[in-house]
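So, here's a batch of structures to check.
Here come two complexes built around chain A, the first alongside chain B, the second alongside chain C.
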Partner chain A sequence: MYHRLSLIAQALAVGLAAIGIALAPGYLEIFTLMQVTLFAAMAVLSLSLAFIWGYGGILSFGQTAFFGLGGYTYAIAAINFQDSTYGILLAIFIPGLFAAILGYFVFYGRISDVYLGVITLTVTLILFNVINSTSGDEYHIGTAMLGGFNGIPAVPTFNMPFDPASPLSPEASWWTTGSMLLIVYLGLRLLLASPFGRVVVAVRENEVRASLLGYDPRMIRLITFIIGGAVAGLAGALYVNWGAFVGPTIFSLSLSAEIIIWITIGGLGTLLGPVLGCFLIQYIVASIGSQQTFNSNLVLGAVLIIFVLLLPKGLVPTIRDLALWLLAAKPGTGRSVKAELNAASGNPHPVGAP
Partner chain B sequence: MDIYLILLLDVINGMASLFLLSLGLAIIFGMMKIINLAHGEFIMLGAYATVISTNAGVNIWIAMLLIAPLFVGLVGLLIERCLIRFLYGRLVDSMLATWGLSLLIIGIVTTIFGNTIQGVPTPLGGFSIGNYRSSYYTLFLLAMALVMIAIVYGVMRHTRLGLIARATMQNPAMANTLGINPARVYMGTFAAGAAVTGLAGGLLAPVSGITPVMGGAYVAKAFITVVGGGAAMLSGTLSASTLFGSLNQIGAYFTTPVYGEVIVFTAAIILIRLLPQGISGRFLKGNL
Partner chain C sequence: MAELTPLLKTEHLTMRFGGVVANDDISFTLQEMELRCLIGPNGAGKSTFFKSLTGQQTPTSGTIAFRGQPIAGKLPHEIARMGIGIKTQVPNVFNGLSVRENIWLAARRKATPNGLPKLVASVLDLIRLTSESERIVATLSHGQRQWVEIGMVLAAEPDLILLDEPAAGMTDEETLRTADIIRDINQSRAIVVVEHDMAFIRLIAKTVTVFHQGRVLIEDTVDKVLADQRVRDVYLGKKVAA
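== the complex of A and B ==
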């Protein structure tokens, strides 16, 4: 009974989100629409880390490596082919391939927690340094100049598939980005509900037990990591489409940090939380702007510390627990709802547990 | 011939600076398994303390050898009491919180001093080898690295304080039953690690451009040095900084400074892949 209700509610929410994405251009000014497009592209990036960290237990400090690689791949392909279709596909494929190589190195070497963080961090720095030093005419891929610190300006934005002559309007660009966000969200949701998704969570919970049950944790982690890399690459393409520009700061540490902040604030181990956290934090940062007196670093840092100390679960799980607690406070019905929910959602952290 | 002498000096300089930069992080990580991602900002605070007190008329040696470590040590003490002590044993949370702390410190310093580059003149002057010139300050950094090795070794091996620290590191519960309060040892260690980091910041102030975001350039290098070195705070950091420091300088000499860094980072990845416990976890077991 509860399970069916929750399914209906989720389907309704998805439907509402789709309608919202479709109708947004009619109600928002063009500037706001562009901002929301950026937020949605970043939310896809947020989802990529939410998946591998929240469900796979892989804390990557360098998710921007895949994001940046996707952005650069898209830019270079779009300039060379003058058609964004292949660019988008390559921007998913190349970071996925890179994640496969790096992941093979890392997971088959059974490198874990801190060391994994160090490796992903250094890879990001390597990419930053290398791209940064590619100014000069000799650095080009096809007709695309890499441009070093200045980046690649005037990247062709998305066009209708296989029709380079008709680029997307800002509204269509928003529809693409927004629906990509929805598709990635739903795709990850379905993946997590599938047997494979259950195994991913099982490996996170107890690697030894999962391997004794016959699964290869290294393989599972590797596949999780590749999916995360591919999604981050897609986010990179969406980001470059938004700005028509890509530069080496796309690999920066501060962006890596920001993704982790979005997820910590929204709620680790959920998919909705990181998306909300991403929108919320980006909105705050955008409204602070770059004024001196009230520095965005200061606010971000303070928010992160407060959340780690006082609200370590993040917004969405806290609100969910609160709602359930209120439900459970009603006499009679509460206990069974809670029990059913735990059974239905396969929640690794039983509701009501401390 | 002269160029090789200069290269040798550069290599020594690279090793000594990397060691000084990483030692504070290694003390904190080795003792408490806390990765302090605000490490770069501690360096930045040390450098700022040096610049500001020098500009206020304090002798530069006093500023960098005394004021910088004292100031950052106090900041470390404060941070340990307000933040870190809630996070022992929660590795990922401590990384997140110290990352937040690093942003917070950058924000505060930017608000106070603005986003401008500050600096102090390099003391001591230079000398020439053939056609090339170098600075005595390079040799001074090497001397300071050696002094720090001696101090840490002496304190940890030959004093009661060091004994207590090592006992707590090995087995906090046992140390506690013997009447030592681990919380106080952790507090002291964190402050000491911060002070050492502040000293590194002070020492590097004359040879680097000082901005609120300068820490970012150091934290990754210190991070890979400590993890590459492994759990032994002194021998691990020493061996890793020797390896990475010399690779960096030699790589930079034969290619460009950028590729020097790339070589170091690549070497770090390969090292961690081959020796997940770090150099000291494999070759220098049981050392300090």
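== the complex of A and C ==
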């Protein structure tokens, strides 16, 4: 009963989100629409880490490595093919492949959690330095100059699939980015509801038990990591489409840290939370940036400290717990409602990851 | 008639941790459908032995054969897929998931898609947690978590079941029930049980192997083992003498 209600509520929310995405250009100024497009691209990045960290228990400090690779792959492919279609596909494939290679050594080498964080961080720094030092005419892939610290300017933005002659308007660009966000969200939701998704969470919960039941934790983690890398790569392509530019700062550590803040504030172990956290924080940072009264990093730090101290679970789990508590307060319905909602909401449980 | 391949056979199995010899030259044979109890004081090497059997550690030397196949040094998931299931000493469950999900995760490797819901339901019924099946395992009592883990081992339908102190933390009534279940599943599979509770051992055991300081001290019928003076000296003391 409540399970069904929860499903209906979720379907309604998705429907509303789709309508919102469709109608937004009619209500927002072009500048705001561009900003929201950026936020949505970043929210895809946020989802990629929300999945591998919140559900897979893999804390990657270098999710921007895949984001940046996706961005550069898109830019280089779009310049060479003069058609964004292959660029987007390659921006998903190449970071996924890179995640497969890196993840193979990490997980099959039985490198533990802390070192995984160090390795992903280091890989990001290496990529930053490699790309940063490609500022000569000799560094080019096809017709795309890598440009070193200057980055690649004037990257072709998205066009209609297989039709380079018709580039997308800012509105269509928003529709693309917004629906990509919705598709990635739904895709991850479905994946987590599938048997494979349950096994991913099981490995996070208890790796020893999972292996004693015959699941190979290395393989499960690797696949999780690859999916996270591919989604981050897609986010990179969406980001470059937004700015028509990609530079080595896409690999920056501050962005890596910011994703972790989005997820912490929105709620680790949920998918909705990291999306909301991403929009919220980016909105705050953008507003502060335009006023110039406060330093945005200072405010970001303060917000993080307030959340860690007062709402350590993050926004979405706190609101959910509150709703459950209110429902449970009604006599008679309490326990079963809570149990059913727990079962229905996918992942209400404490996350084993740091 | 050629000798049947035993279900499990270890030869000269030795496990060293630095200077500590946790298992020393253990040769152990278990036939198909056998029920064996493993006893011994703390530190005798019982849990270490189980860890070698399930691939959680690689023995320093010696061999382990499961139906004639060498398994020493294989990974836990490979051994689990061959058909060895274990309930570990400290409850090893998915704390953040519901009871049903725990059982489901264990059952789905082997069960057919059609048989899966039925198998999960029957295991939930067997461990008497049907009414608690949507509860998060972390919120259950220690005894109930023991049951969840036993349920997971059963749901995976292994050919050899290793139970490390299954009755620990259970009430007398639950202990009796555990003994019933063990005898019941022994109709179709082999089981090795580590226990300290002598009353429990008497309920289920036919053959008992005693570990002491990493070695096999004696292996015989339950009555002979419990009457053995050396066994009393190292382990049982006055408890059984009465």
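Everything that follows uses one rule, which is that the second predicted complex is superposed on the first by the 339 of 354 C-alpha atoms of A that agree within 3 Å, B and C clash if a C-alpha of one lies under 4 Å from a C-alpha of the other, contacts with A are read in each partner's own complex, and residues count from 1 in each chain.
Convention: a residue touches a chain if its C-beta (ideal position, glycine included) is under 8 Å from a C-beta of that chain, and two chains touch if they have at least 3 such contacts.
Just so we're clear, the structure is a prediction, and the values are computed from it rather than from any experiment.
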{"item": "Of chain C and chain B, partner touching more chain A residues", "value": "B"}
{"item": "Which of chain B and chain C A:N129 touches, first, second, both or neither", "value": "first"}
{"item": "Chain B versus chain C as contact partner of A:R198, first or second or both or neither", "value": "second"}
{"item": "First (chain B), second (chain C), both or neither touched by A:D163", "value": "neither"}
{"item": "Contacts of A:L212 with chain B and chain C, given as first, second, both or neither", "value": "second"}
{"item": "On chain A, positions contacted by chain B and by chain C", "value": "none"}
{"item": "Residue numbers on chain A that touch chain B, as the complex places them", "value": "59, 105-106, 109-111, 113-115, 117-119, 121-123, 125-126, 129-130, 132-133, 253-254, 257, 260-261, 264, 292-305, 308-309, 312"}
{"item": "Residue ranges of chain A in contact with chain C within the complex", "value": "195, 198-199, 201-202, 205-206, 208-217, 339-340, 342-343, 347-352"}
{"item": "For the chain B and chain A complex, residues of the former touching the latter", "value": "35, 83, 86-87, 91-93, 95-97, 99-108, 110-111, 114-115, 216, 220, 223-224, 227, 256, 258-259, 261-262, 265-266, 268-269, 272-273, 276"}
{"item": "Chain C residues touching chain A - in the complex, by the definition given at the top", "value": "54, 56, 75-77, 80-81, 85-86, 88, 92-98, 100-101, 104-106, 108-109, 134-136, 138, 152, 156"}
